[in-house]
Amino acid sequence: MYSLLQRLFPICRSITGDGVRETLAVMKAIIPPLKIKEIPSGTKVFDWTVPDEWNVRDAYVRNESGERVIDFKKSNLHLVGYSTPFEGFMTLKELIPHLYTLPDQPDWIPYVTSYYERNWGFCLSHRQFSEMKDETYFVKIDSSLEPGHLTYGELLIEGETDREILLSTNICHPSMANNELSGPVVTTFLAKYLLERVKKPHYTYRIIFIPETIGSIAYLSMHHNYLKKRTIAGYTVTCVGDRGKFSYLKTRRENTLVDRVTLHVLKHKAKNSGIYDFLKRGSDEMQYCSPGIDLPVGSLMRTKYHEYPEYHTSADNLAFVSPKSLDESLEMYKLCLDALEKNRIYKNTVLCEPQLGRRGLYHQISTKENIQKNYAVL
Amino acid sequence: MYSLLQRLFPICRSITGDGVRETLAVMKAIIPPLKIKEIPSGTKVFDWTVPDEWNVRDAYVRNESGERVIDFKKSNLHLVGYSTPFEGFMTLKELIPHLYTLPDQPDWIPYVTSYYERNWGFCLSHRQFSEMKDETYFVKIDSSLEPGHLTYGELLIEGETDREILLSTNICHPSMANNELSGPVVTTFLAKYLLERVKKPHYTYRIIFIPETIGSIAYLSMHHNYLKKRTIAGYTVTCVGDRGKFSYLKTRRENTLVDRVTLHVLKHKAKNSGIYDFLKRGSDEMQYCSPGIDLPVGSLMRTKYHEYPEYHTSADNLAFVSPKSLDESLEMYKLCLDALEKNRIYKNTVLCEPQLGRRGLYHQISTKENIQKNYAVL
Amino acid sequence: MYSLLQRLFPICRSITGDGVRETLAVMKAIIPPLKIKEIPSGTKVFDWTVPDEWNVRDAYVRNESGERVIDFKKSNLHLVGYSTPFEGFMTLKELIPHLYTLPDQPDWIPYVTSYYERNWGFCLSHRQFSEMKDETYFVKIDSSLEPGHLTYGELLIEGETDREILLSTNICHPSMANNELSGPVVTTFLAKYLLERVKKPHYTYRIIFIPETIGSIAYLSMHHNYLKKRTIAGYTVTCVGDRGKFSYLKTRRENTLVDRVTLHVLKHKAKNSGIYDFLKRGSDEMQYCSPGIDLPVGSLMRTKYHEYPEYHTSADNLAFVSPKSLDESLEMYKLCLDALEKNRIYKNTVLCEPQLGRRGLYHQISTKENIQKNYAVL
């Protein structure tokens, strides 16, 4: 899993674009039945519209000495996501409204996007910014923002019944490791595990790799009636690569099957896990659990998004996640799925106590408990 | 409110009669849409019958010196409510079975009635009684007890919906201030407040001024099916003028909307309020909540009837209540009604999260929380 | 009750056979409407089959001196229940696999059965076993195990309604006093009490005297649909003769009427009673409460089976039970049945408060509480 994460890390992903396509192609090599699907820009999806597709070839801010003081090629975090094409000379004063830094975390580049309002900007460390002189800069953003597609991956693994378990994870984040490459990476290996089972699973698994928010909304706008009839449990898989303790964000209804199963597994396998109720939601479970959609989807994480300082910065890097953490997370998800798979209500087919004796399941001679064990003495 | 209370205090009210009509006429001057209605004596109302109408012109006990030792004109509490006409000479011994005193509260005149059995009597302070000599007294009760009407007031304030909130209070008590003039006085001003609102209230308000027990039973016998369909909450307004803490008597079902709303308001606005469950009922909520009627009617009071020594005596007088207490009670009732008015369940009209950004309700640029506030530093 | 228990003690009962018939005949003399019924061997009853009928004339192990070292005539516990006929010479070593003792309770004979696998054996005290020499023994079991019948008793006492209370007790145990003669003995007198009531009971009582497990299964296979429609409560009556505290084993659903009634009675009449939940079940309540049968049947006992050392041994003898204990148990069952009988929901036939005054149920003159009691002073 860690190798896959390393392989995917440098790709510039966003909610649309070739970075998403490349990411999904790498995953398809591991789980070949994965289907890659596209929704055209402009498609109405509930209250939203699928935006134009964004792609970047190059982007930089060059100083008077011809030096690239901010360079997209060094880190794709340097460019504000969905920046429009731009080219021109600017004074530092003119440039500042387009620059984003984190004064409290002066060595880290923040992650900033402007999906639904046309804009452009650069992100840089506060230290780097402090060194910028009051001179004239040449700004170049060689991007395109044009009608295209929103791309997502979908994998259906048929089980014995058509009742489904949903796994959903995001493929829209550029070079950040925990949030969010750990999610799609662990989900890919969970899919592999399910595909390689000797025995068909009891439930059907629907596994989707989508951009956050717009992706789940678009997916639900096409499938929510179908999903509502069939989905018995689900997870948004996110933030599963860091070294922190496990945590679980409950579904809106708080006591659905997935809540009971996950809390049961955590209780026995991950002492001192954090438990969040739905008021702390923040990822696609917001859409899945929303009123009228009402899918029972929780989120099993390690350290929750927003809860660690490296979140949405360049410090959420390859060193921030560990192979061991990814393994443990995969294992914990397997335990949850196994618990869901094994959770059955057995129904008696005979009335009254069955006659166990004639099936060799009960002693034939009825005695007090202390007789048999004293045979030895005799 | 205190002036109104002073104005109404001397009137001789009972469950029927001209005192009730006069009282309602004074209120109608303040809340003109109040309708005054009458039900004829003899009308069957569930298990009860509307009694004959009672009116008193004069009543006294005169000693041999021609002195009125007990005089209805000094306090209408001196005459047992619903005393039949009587005139005659009696020894003290013959008179005693018709006299009522409170030996434990020797300066107070008790309040006694005999609505449903024809009888007559006088109430006096125990001290006054102790001074009565063993002589012959002339007793005169110039009352009438004849077919007439039960009179009550009704005010309907239309809201946006036909679902109703019921306010009910008693106008059957003679000269007592807390129980019961505070109830109708606060209710009158609550009605005034509702009538003077600029915006129509959400709920329709049904406000009734009735004699206790027989009044609510008579009213329910005519309207209970209608009320059951529409009433979402209600109060019997009583004992709201004394200086004690607030208390609330819960509905029979204990967890209806009015219970939740009132306990919520009290929790935040009147610490250490007393809470009574329905077993402690004693006023018209008995009828409203009775099995088969099942209206959700509680009672928000200050010190509950029966729970203060002055209750049903001449000590429940104008000094026992205060303008401030009346004001606070009015305010508390307004808070409860406002909470009822504002209690709504909003329903989403779109599925999934609405796109707040394009409605100017969400930042267009998605960043970590600490970026924007540091713009100033830049 | 103790005399009846003494009378029944020596009879060799089992799940079938003449001992059961004799036992039921003795009971019928006390409660003549008792009906004695039979089900043929080989009848399929749910997952079970009614076994062949077993009867014993004699059984012993004789040593070389011609002495009966183990003798069924001394105690019917000496013979393993349902022992097949056998006759032959055996060394001690050959005999040992057919002998059952309790090394931890060396003076007591255990109670052993082999109903559903053809076998034979003897039970004896460990002390008696220790004295057996290594010689040749003559073994004789003069029993028969042939198609016949399973015999049970049934008594229906009609009440005002056809809703039923079930009492069930076992008549399959040989010479043991608490488990199980106390059960049928107390049940017989409970039946007598119900039959002798002057007034018909409200509920119909179904009282059955059956062999454990196979008896209740057979009975249910014939009647379960009927019982399910009518049974509102029931008990398996067992272990009610010892000197221990009362205990109650709850129904599977834990909060049925019989649970609430019995716990209520115990709370008020038998402090410190033991309460067992259904996981501790062990007698016919297992069948009555089983999924799909779902009758609300609990068990009110003194010391529960398995919970006292004398259980299923010769020490569960006439001295182990007492007349006083039997009486108390009968009384406790009567209290429970009375509570069930008296448990009614009264429905108002008038709306609002009824007018109690005109029925002489309320004072005609309404005063403060302290007036009346001071009349004396006047």
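Labels A, B and C are assigned to the chains in the order they are written; within every chain, residues are numbered from 1.
Note that in this section a residue touches a chain if its C-beta (ideal position, glycine included) is under 8 Å from a C-beta of that chain, and two chains touch if they have at least 3 such contacts.
This one's a predicted model, so the numbers in the text were calculated from it and none came from an experiment.
Rounded to a multiple of 5, the C-alpha superposition of subunit A onto subunit C involves a rotation of 120 degrees. For the pair subunit A and subunit B, the fraction of shared interface numbers is less than half, so the two copies use mostly different residues to meet.
Note: centroid distance subunit A to subunit B, computed from Cα atoms, is 62 Å. Residues of subunit A in contact with two or more other chains: none. Against subunit C, the residues of subunit B that register as touching in their complex are 46-48, 80, 96, 99-105, 110-117, 119, 121, 129, 213, 216-217, 220-221, 224, 286-287, 290-293, 311-313. Residues of subunit C that touch subunit B in their complex: 347-348, 350-355, 357-358, 364-368, 370-371, 374, 377-378.
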